[in-house]
Amino acid sequence: MSGNTLGLLFKVTTFGESHGPAIGAVVDGCPPGMHLSVEDIQPELDRRRPGTSRHVTQRQEKDQVEILSGVFEGITTGTPICLLIRNTDQRAKDYDNLSDTFRPGHADYTYWHKFGIRDPHGGGRSSARLTAPVVAAGAIAKKWLKEKFNTQIRGYLAQLADIAIPFDDWAHVSGNPFFAPNTTSMSALENKMDSLRKEGDSCGARIHVCASNLPVGLGSPLFDKLDADIAHAMMGINAVKGVEIGAGFASITQTGSVHGDELTPEGFASNHAGGILGGISTGQDITVAIAIKPTSSIRIPRRSIDKDGQAVMVTTQGRHDPCVGIRATPIAEAMLALVLMDHALRHRAQCADVHVTTPIIPARID
Amino acid sequence: MSGNTLGLLFKVTTFGESHGPAIGAVVDGCPPGMHLSVEDIQPELDRRRPGTSRHVTQRQEKDQVEILSGVFEGITTGTPICLLIRNTDQRAKDYDNLSDTFRPGHADYTYWHKFGIRDPHGGGRSSARLTAPVVAAGAIAKKWLKEKFNTQIRGYLAQLADIAIPFDDWAHVSGNPFFAPNTTSMSALENKMDSLRKEGDSCGARIHVCASNLPVGLGSPLFDKLDADIAHAMMGINAVKGVEIGAGFASITQTGSVHGDELTPEGFASNHAGGILGGISTGQDITVAIAIKPTSSIRIPRRSIDKDGQAVMVTTQGRHDPCVGIRATPIAEAMLALVLMDHALRHRAQCADVHVTTPIIPARID
Amino acid sequence: MSGNTLGLLFKVTTFGESHGPAIGAVVDGCPPGMHLSVEDIQPELDRRRPGTSRHVTQRQEKDQVEILSGVFEGITTGTPICLLIRNTDQRAKDYDNLSDTFRPGHADYTYWHKFGIRDPHGGGRSSARLTAPVVAAGAIAKKWLKEKFNTQIRGYLAQLADIAIPFDDWAHVSGNPFFAPNTTSMSALENKMDSLRKEGDSCGARIHVCASNLPVGLGSPLFDKLDADIAHAMMGINAVKGVEIGAGFASITQTGSVHGDELTPEGFASNHAGGILGGISTGQDITVAIAIKPTSSIRIPRRSIDKDGQAVMVTTQGRHDPCVGIRATPIAEAMLALVLMDHALRHRAQCADVHVTTPIIPARID
Amino acid sequence: MSGNTLGLLFKVTTFGESHGPAIGAVVDGCPPGMHLSVEDIQPELDRRRPGTSRHVTQRQEKDQVEILSGVFEGITTGTPICLLIRNTDQRAKDYDNLSDTFRPGHADYTYWHKFGIRDPHGGGRSSARLTAPVVAAGAIAKKWLKEKFNTQIRGYLAQLADIAIPFDDWAHVSGNPFFAPNTTSMSALENKMDSLRKEGDSCGARIHVCASNLPVGLGSPLFDKLDADIAHAMMGINAVKGVEIGAGFASITQTGSVHGDELTPEGFASNHAGGILGGISTGQDITVAIAIKPTSSIRIPRRSIDKDGQAVMVTTQGRHDPCVGIRATPIAEAMLALVLMDHALRHRAQCADVHVTTPIIPARID
């Protein structure tokens, strides 16, 4: 495909299929001298891991990561870091009856026509399982950004189906299986998921991701604007159908006198821009929202065709998430981290000698 | 910036500033043997050109394109095509009072801190004027896609501020200065624009773009998915704050049994996917929506700071579009064309030898 | 480093260190539908493998390759192919006394100053061991080129120290540990190597590589000329100090009336160009020569400095090749294969629709 | 071709044909804040310019460069710098008789088969005239490297045909039309050139290029080693058939005890490595040699074929350099500058935070 690498300087190349022997990533371009061990990466993988609540797929994968290279005596050397995750709970036979049909909403039809061959087991390469190496790589970027700029990258579930989930406090996010930022939405979310599971159907979700404490100046306009590269990364996550920066689609009905964030010596007066102007970070929070479509693997029978073009009915059994969005928060955080890290390196490559005396204003007036 | 090139194989590099001597693009990787002349490009530039109605900036730029290379006796040679557009109506002095302040909603603050220098005349590099070379390059991609696959790339204004603009017929789009797809919304749109102009304010817009007659198989997952690359291109257009593919954010509240497009021997039963599954084109229409923020250049005074960090009030005079979205349709079409063309070349590079006997189903049941 | 990927469309990313747990490569962009198994790759690794004669390092590495992804039921799927080689015979302690000194002719000093850290065991990332993943990846390219064009890529040792090795027949190359193309040079080569080993010194070598049966048209001038990309790949092999295409440095003393290869309907009359004109393949044999410097790891004491800048004497013990050039032939072949394959894909991306009626002339008049 | 861009961060994209309206380059990624004007670039172009002595082509081109973008009030802004050079002395009709034949040693045959079309006037895109934009871009890199590191990049003609040209002093290079580094070789060189011109034949040349005062640490192994990228750039110059770094092909007959440059606290004891170890600069002089083949355009009749594959005789009239190597020195310097600049930016992107207390030793013991 030759499209399996993300980033220009901090480059992540992933490999592997859902039911092959292993999946993984090669991270090239990591600055040398950073402490790095499995303990820095595993917690992020555990956040994304399946089988942790009744609301997600029951596939049991430990997602145990192994660092094969690029680290010497616990320190990054600046050489490629290979991260390997062995697949352990493959049940290929779950998919044998699907190998000749194209599941609606899946990549089966397109992979087949593009490549003339596909690995039908668990979606092969197109499986959401392939977000695990992204999360692993993202953990490295998160760590570096944290150590360098004190950048914090966090996300949460903002909506599930028609249930809006009000933001209360970041502290709540890790306390529930939904990455919800409050405690009051729990029963509604659980009921929704239980009912979907009973119906054999699925629903979509909205995730918000935010990066705080990022320096002003990241982004390479005109084409590699920071928001453009974020949109690229986010839309590349499985099942994502929409991306917003800052006010997003709501900016359509705003007037310029409302949308344009005023600057004062005490800070920006608002953040409709989502922390990016002209494709370059402002120093405010980078705010991103993504829309995740309902999982395509459902138990309700659907019309489709087989490889001969004949009509068939398809019902997906297997083990699936009724809402893939539930586990998407760590993935979106990882993607954001990868883009920001790449641009942090790109920025200092070109602009390391820039010094202006103009003061940098705070992210926000409070 | 080193981020001024779009595409891997069909590569477009733009250059120039709003008020410099010229702007332009170098298009590298165009297949040889295609008829190409100024007449193929100029009409697209004319669609984007300022000064064509009272609703857009009155800057008078002919946007006359010159082909400097890559074409011999009217045929592309496969070598880089340089497209040059001379700037003719610069009024640099309009901006002299702005050179020490940062206009809210503009790239002034970020360019200044990133580069330590900026060309304040008309926004310099960050000006929407720099979409002209993109439109010129897009015209080449459009032509090639049309000749190769009969692909048709079209867009329209779907919403202006709070005015939804129902789609009636493509034929209407060229008949009004808004790229609106009907005739009934005209007076509402004109009134809105007149009132904004009177108030010195601006508004946002929603643009829909669609590519029909595209083959199945374009896209390079996992990272360079077709939708990811489209999102990158679209979010890179000036003022864009959101991108949707297919059902977009509406997919959040859909169930899987509704969203997943069924396949039948007679065609796909719906197109919530927007013509892309697993990052690869399905052969259905590629449907994209973008949100464009309100123009930041408004006559209403706003708080800001100057280069010394002191509080100032900023009022933008100059000549500006009260809704930059009005002229965005040809730009979004061009960006879509560039991405599709690049992926058409990428696809045949890897998969030219793929042959499957499975029939390709029609884009849509009717 | 972010420089660990070779190729634009057929992309090879390597990872690993000499004495880490594993080395390997991710091959992205391989066309789908090709039969591929370990049996296609292992023989090439075995040709490069250490420990096969007394003239090379006695490190015992099986170099057993494992295919982790990208192949389904013995067929390439078009997704990334991860090739893993576990290190088995690490003797890290051989190098412990070297961790604070910089060996002359080695990358120790430069890695240390660039990265501020280095893995001293066996050279870490800079070890010639890292050519193994290249050879593995090259085997895939060789196979594809062979099946597609019947391309044959072969190399041989043309000179060892001051011993010129006349070309007799390709058949001899596999019959001796030197990759020498005759039988008559054997005793001179063996004596030379034995004497060097006794002295604890080393020598350089000259390798010739040749690709036959390549179509006319490969290469992307101006910068990515086929010869430019070959030079890049070859000079990137450990210890290579010079690259020639065709007549190479001998062309300096040729006249134009001698050098310029005449064309006749029966074929080219000579091949001083080495099969490349204007950066594009002519259809003749691609002929490349490389100069390999003497191994830097020698037992003769040499002056150097340590990390504090103090003078020290360095003697390399460990297990080393007295002439790294002896094992370089398969590496150079692999590098050539990778470049040609990448350009084969690039060519058809842009020029798949080109058809000229002009006959292609034979590679050579005989 | 999509191969017309050099560099990862400091990116140069060239365009244009020998006899089209203009040639030029877009330089993307230049750090902001550097003084830059036509006066910084024109002198380098003047060094390469044709028509300056009787020994080179008499085509009269002023090669007057125009800066179209990327510079504001004499300072680089960090945005793309477009450099335009209008062609003024085209004599297209000189080539009309060649449009149906393939000149031996030229790119005619390969361009024709690759692209199915070619601009025959003066070689079109494959003309050595296209080195002018490279020289212009290189002037920017030279200036930045000079200001940043005091790097000096210089070259000279080391051999013409069989005449070796001993190095005496850099001061001589600018004092003669050959870029010869002494005064004693003049009459031999002039006689050689006069005799070639009389015979209608041509000869090759050897150029040496050297970069002094470069910091230790530049280069991105494994694939983008500094020497690999230099080899790529050099072999991409028209007519180059060989590249050497440091001892080059002479290292074949050296022993390791001679070749490996010893380190002492007072400096390196020699520089056989040519300033690069493990693909990373050592801080010593980067020394490069290239072989340039004899010009293919000669007046002596040669066998060839036409587009129908029929045998023809070809004699090149037009205005040509009997030794294209004479004007190659500034081109090789420019190419070296471009590679070094790109790697200077790449290095600080990844390694800006590296600090070691180990002293950097001088380039050379004297």
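Which chain is which? They are A, B, C and D, in the order written, and residues in each are numbered from 1.
FYI, a contact is a pair of C-beta atoms (placed from the backbone, for glycine too) under 8 Å apart; a residue touches a chain by one contact, two chains touch by 3 or more.
Nothing here was measured: the structure is a model prediction, and the numbers come from that model.
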Centre to centre, using CA atoms, which chain is the farthest one from subunit D? A
Of B-C and A-C, the pair joined by more C-beta contact pairs is A-C
Taking each chain's centre as the mean of its CA atoms, how far is subunit A from subunit C in angstrom? 38
Distance-wise, how many Å sit between the C-alpha centres of subunit B and subunit C, to the nearest whole number? 45
Check: subunit D positions touching at least 2 other chains come out as 1-5, 8-9, 14, 29, 32-33, 78, 114-116, 125, 346, 349-351, 354
Given the complex, residues on subunit A that touch subunit C span 1-5, 8-11, 13-17, 20-24, 26, 28-29, 32-33, 66, 68-70, 72, 75-82, 84, 114-119, 124-125
In the complex, go through subunit A and note every residue touching subunit D. 8-9, 29-33, 78, 148, 345-346, 348-354
Okay, in this complex, where on subunit D does subunit C touch? 1-6, 14, 102-107, 109-116, 125-126, 130, 159, 161-162, 196, 201-206, 216-225, 227-236, 240-265, 269, 272-274, 276-283, 291-298, 300, 302-305, 307-311, 346-347, 349-351, 354-361
